[in-house]
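In the two assemblies presented below, chain A is common to both, partnered first by chain B and then by chain C.
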Partner chain A sequence: MAVLMAVAVFPILYSLWLSFFRMKLTRPNRTPFVWFENYTDLLGNELFWVSVARTVTFTVTSVAAIAVIALLVSLLLNQDFRGRRVLSTILLIPWAIPYVANALMWKWIYDSGYGALNGVLYQLDFIDKYMVWLGDQDKTIFLIANAFVWKEVPLATILLLVTLKSIPADLYQAARVDGAGIWQRFTHVTLPSMKPGFMLVMIYETMMAIRHFDLFFILTEGGPGDASHVLSWHIYVETFRNLSFGSGAAMSYILAIVTFVLAYFIIRFLGRRV
Partner chain B sequence: MSTAQPQPRAVTGADYRRRQTIAAWTRTGVILVSSVVLLFYVLAPVAWLVSSSIQTEAEIVSVPPHWIPEEPTLQNFRAIFKATEEEEVTYENRSGVDPAAGGFIPSTAQNLLPAMWNSFLVATLVVIFNLLVGVPAAYAMAKIRYWGRNGSVYFILITRVIPDIALVVPFFLVIRKLGLLDTISSLVITYLAITVPFTVFILIQYFEGLPDELDKAARVDGCSRLQSLLRVFLPLSLPSLVAVVLFTFLTSWNEFLLALMFTQTEASQTLPILLASFTSDFTISFSFINAAGVLAIIPPVIVAILFERYIVSGLTAGAVKG
Partner chain C sequence: MKTSRMPSMGRRQFMQTSAAAGALGLAAPGRLALAQSASPVNLHTWSAAVDTVKSHLTAFEEHTGIPVNYGNSPWAQYREGMVTKFVGGAPLDMMWVSDAWLPEWAEAGWIAPVDDFDFLMKYNAEAEDFCTNSMTYDGRQYGLTYYTDFMAFLYDEEKLKEAGFDAPPETWDEVVEQSLVMKEKGIAEYPMMLAMAQESWLIEFMSALVYSHGGRFVDDNGDAIMQHEGNGAVEALRWVVDGVRKHGIISPACVETGELSGLKAFASGNHAFALVAKYRLRMLNDPEQSQVAGNVKQAMMPMGSNGAHDTVGWMRFHGMSAQAAADQQRAENTAKLIEWFGGKADGEYKFQKLLFLDIGAGFGVKPLFEDPEIRAAYDAYGDVDMIQKQQAQARKKDVITPWFGEWSETNGSAWQSAILGNVDPKAALEKSAELWAELKSEY
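Take a look at the complex of A and B:
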């Protein structure tokens, strides 16, 4: 327990401490204590706000897509049919794949010269020449979100499936007796009962999306321009490329606080079961 | 409200049966179509990756792409496995293509197997230590009433949700101070910090589900706390232990960000790091990168398929995965 505390707590406090210093590894001997200057500097930093905007775009798009797709898939897997188990096993594959391999796979799919996306669209005559997908400022972030969604859907589906399974069959019987059609049963029984599951999935996936790093590192490195310059990438650049540990830590703290607020809800939700 | 509602036609028996059949067929149809769509959505990207990994360099650059390789080859995999044993892949014996035109097998190919070994070693060590720390902690929190118990449960939850990227800087400074940069132990230590809370969280839930009487009975029969844990609780909680082991293993195998910070040479580089370094090198053969990617996804996918039941139960018990 003590070990756990040491490993988990110390870095958190240390990071808070660091965020009050103007610490640059390029100037190792001058690390003045600057109180909140790292934070106030951030508020005036244009790139910081750009990265916040990108993070929001990425998170909203992917969480919405995950929720919709996972809902459809879990409705399907909640039916009883032959091959359901095989299907749900296969569904686990994206979840198990390492993010780096996932990124590599999508990078190759989006490849401007020989990628599958170009190949498919070209053969189906949707495009008449190959496109540089990841180089398009307007599309980049959505393409990355797509790779993220593909990987996260299985987990979300499994979580939703549990909620679906816990809806008592009586409710459907009652609705049927009352003359509710399929659609009415869905909107009046299924959807309201799934609310807790949905909340959990949305909050959890939001937490995952705002901190996501791996895909950005491999697919675009924040580019083109600043089109996919999200917060976690900004922290990485600031800390390990500009070697400015103080402001990196300050940003990490902002990210952590946002996550904490979200986590508060998730903990309250889970806390009922602990 | 409009009042002119058409009266429904009286439903005869034959009508009803026909409607039932139509409904059943529609249902089957919808299920079939959506299953196929889902299968395609999940498998197509992976299939493309595998298919590309066994194409020759000449074939992989064809436009439009060959979905199914015309002359499948294992040359990429051969290069990876042979690189360490017989010959180093050098500038001269790479695929014999002009490097300016891209498509050669990098000399770091020989690092792939060691990197896999590193990944495996780190993951295994993390699993072992994780159990050593996590199981007693979970038992204590679930079964022993002590001051600050609730506090520690919430604390565990909180540590689970801090973004890794927020921990990178302090971890980095600590690891550097300890002189552990570029060692396997740096990864083991930091991965433990990530995985132990999750383990504890899942196990607490499981232990709490087991009746307190078990613990009491064991203690009356003269077991110490430790014996009660080892002889009574562990055998009963085997399924959740399996889930915990799997998660820990997969998390360590897949982790990227921390490994990126702490490792520099093949002494400690894990597979994801090496893969990432391939992707940023434009001269490397595409099919080779894909082959490396295939190697990286094989172990976790096998694990996932074999232990599907445990994983799903673990995911739902923990409700969140780190």
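Take a look at the complex of A and C:
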């Protein structure tokens, strides 16, 4: 209990306390108590809203792609075919790679000068000259989302596969007896039965995407311009570069509240139908 | 079983023995006595030239008898780590300081001026002006040189000749002109290499461009002038934007190209011109590390229409903590260590010379340019007279203030946004200037 208080409860309460101060480490002698000013200031901060928009784009794109790809892969792995075990093992590789290693790998892949992506596309004659990837602001957030999806799909697949395996065979037999075809069995038996798995995937991946930092730090540092300036990056810059612990703590609380609210709605929306 | 016992010692006898030992200690030769009584100087640096630092420290300890506790941490986490040490009151006497952090650390009261030590100040007579200026904040000097360097304009002589040019460009317009010819002849797709990714180097690249366009970011009062046409910054940014979007001589990927990636690209022979730190010249002309080794030359920084061959210089220096300065003995020992590293040791600028010979890091004292060993080392990969001439035209970064860190993030994004074509260069710098004014009033 004492350990829990020291490593979890105290930091949470202390950071909440900090968020009411204009606390900047580089101004150690001036830390006025400002009540909710750190929170209200954010509402008028243009870059904060830019970061919210970027976070929404990244999260929606990533979670949707993860859900769809994981569903397709889990359906495939649910079938009996030769090499299924090998494929399942290969699928786990991205999951086993640490986030930072994953980010560094994608940095090499996307590099406009010597990256593998340009190399492959060029050799296949899809492009006639090397393209700018991460430096193109229209592509940046989606390319980072792609790297995130690659890392997250295995876990989502496993969660959905477990759900698939738990669907009773009787339901499919009954549907066949009723004359349901493949598509009808999928939409009326498989999908509704997978809702608990989907709920888990949606909540987990939404939380991971909203808070994700590593890829943004290593691939773009929030750039180019503010093209990948997401909320987690904004918090990092405010807290650890500007050393503004007060406003950084306030932003972190906002992020935490948003995450909780989203999780609540996902549970309500999907949970109601489970 | 036979056992031996130490003879017992009474309280009176113990006191007498202790007093005698103490007296003997005081009477011992000076160096030994100092070594035993001096409290150690706590030195923290970032993890660079660690072996050279250690060997120089050993020599210091032998020479003075003052022990030193040495620690280091990676550059990437150094500032944040040091701030935490300062705030937490960790024992710290001497540390390496970047010119970019000086106002912030001085305002916070973490580091102390060293200009009360005359034996340190005498070295200013031989130091480059921009070095002394870069170590000075609010009229006080906070240290002595660890290393210094400046942003240099480099070119690939072979590509230049292939394009039919005998001499490197003198102006930024000529850079465009020569680059377009190279582009047309297929010598390089993007002849000019600029690294404009958001990283700590970005301000140095920007400052070199602005200064050579005859400009400044702020005036003598510290008010932003970067947003005004004719003050150099708008012209510099416009040159970059045109280079990317109009002429196509700079890669659009420059916004994702960091200093190291840019350097590698130049070393691979992808470009004809580059803006890089001067000390990179050694690596670029090293056949084991560069495909263009032997062809890379330095020219004076090209000029803008109202500019000169000015460039930006930067400093890393040995500073003293406020906690050391508060204790006379600690302060004196720390000042001696600062002199040993930043000034002369055994009658010569030993550490700056060692550092140059070891890793090619620049020095801030003019007499070293005449040192035969240094000239011989420079001759192997560069033109020492050109280096000296350009270094004499280096200027300190004018944006170094307590709010530099916060402003720098936004300024970097503003430049990138202009390069990406989202905003006009003037509008980008207006946004940057607006934040500057806001932060200045806040501080």
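One rule holds in what follows: the second predicted complex is superposed on the first by the 261 of 274 C-alpha atoms of A that agree within 3 Å, B and C clash if a C-alpha of one lies under 4 Å from a C-alpha of the other, contacts with A are read in each partner's own complex, and residues count from 1 in each chain.
Everything below uses one rule, namely that a contact is a pair of C-beta atoms (placed from the backbone, for glycine too) under 8 Å apart; a residue touches a chain by one contact, two chains touch by 3 or more.
Computed from a prediction, not measured in an experiment: that's the story for all the values here.
Residue contacts after overlaying the shared chain place A:220 against chain C, while chain B stays out of touching range. Looking at the shared chain after the overlay, A:240 reaches both chain B and chain C. When the shared chain is aligned, no partner comes close enough to touch A:177: not chain B, not chain C. By the touch criterion stated above, A:73 is placed in contact with chain B alone, chain C being left untouched. Looking at the shared chain after the overlay, A:132 reaches chain C, while chain B stays out of its contact range.
Of the two partner chains placed by superposition, chain B and chain C are both touched by A:113.
With both structures placed on the common chain, the touch criterion links A:261 to neither chain B nor chain C. Between chain B and chain C, B touches the greater number of residues of chain A. In the superposed pair of complexes, A:211 makes contact with chain B only, with no contact to chain C. Within chain A, the residues touching chain B in one complex and chain C in the other are 111, 113, 240.
Of all residues in chain A, those touching chain B in their complex are 1, 3-4, 7-8, 10-12, 14-15, 18, 72-73, 76, 79, 81, 83, 87-101, 103-109, 111, 113-116, 119, 122-123, 130, 150, 155, 158-159, 162, 200, 204, 207, 210-211, 213-214, 217-218, 232, 235-236, 239-240, 245, 248-249, 252-253, 255-256, 259-260, 262-263, 266-267, 270-271, 273-274.
Chain A meets chain C in the complex at residues 25-29, 47, 111-113, 129, 132-137, 220-227, 229, 237, 240-243.
Note for the complex: chain C touches chain A at residues 80, 83-84, 87, 104-105, 107-109, 189, 197-199, 251-257, 261, 264-265, 268, 270, 402, 405-406, 409-410, 412-413, 416-417, 419-420, 422. On chain B, the positions that touch chain A within their shared complex are 27-28, 31, 34-35, 38-39, 41-43, 45-46, 48-49, 52, 60-65, 67, 133, 137, 140, 152-154, 157-159, 161-171, 173-174, 189-190, 192-193, 196-197, 204-205, 208, 250, 253-254, 256-257, 260-261, 271-272, 275-276, 278-280, 286, 289-290, 293, 296-297, 300-301, 303-305, 308, 311-312, 315-316, 319-321.
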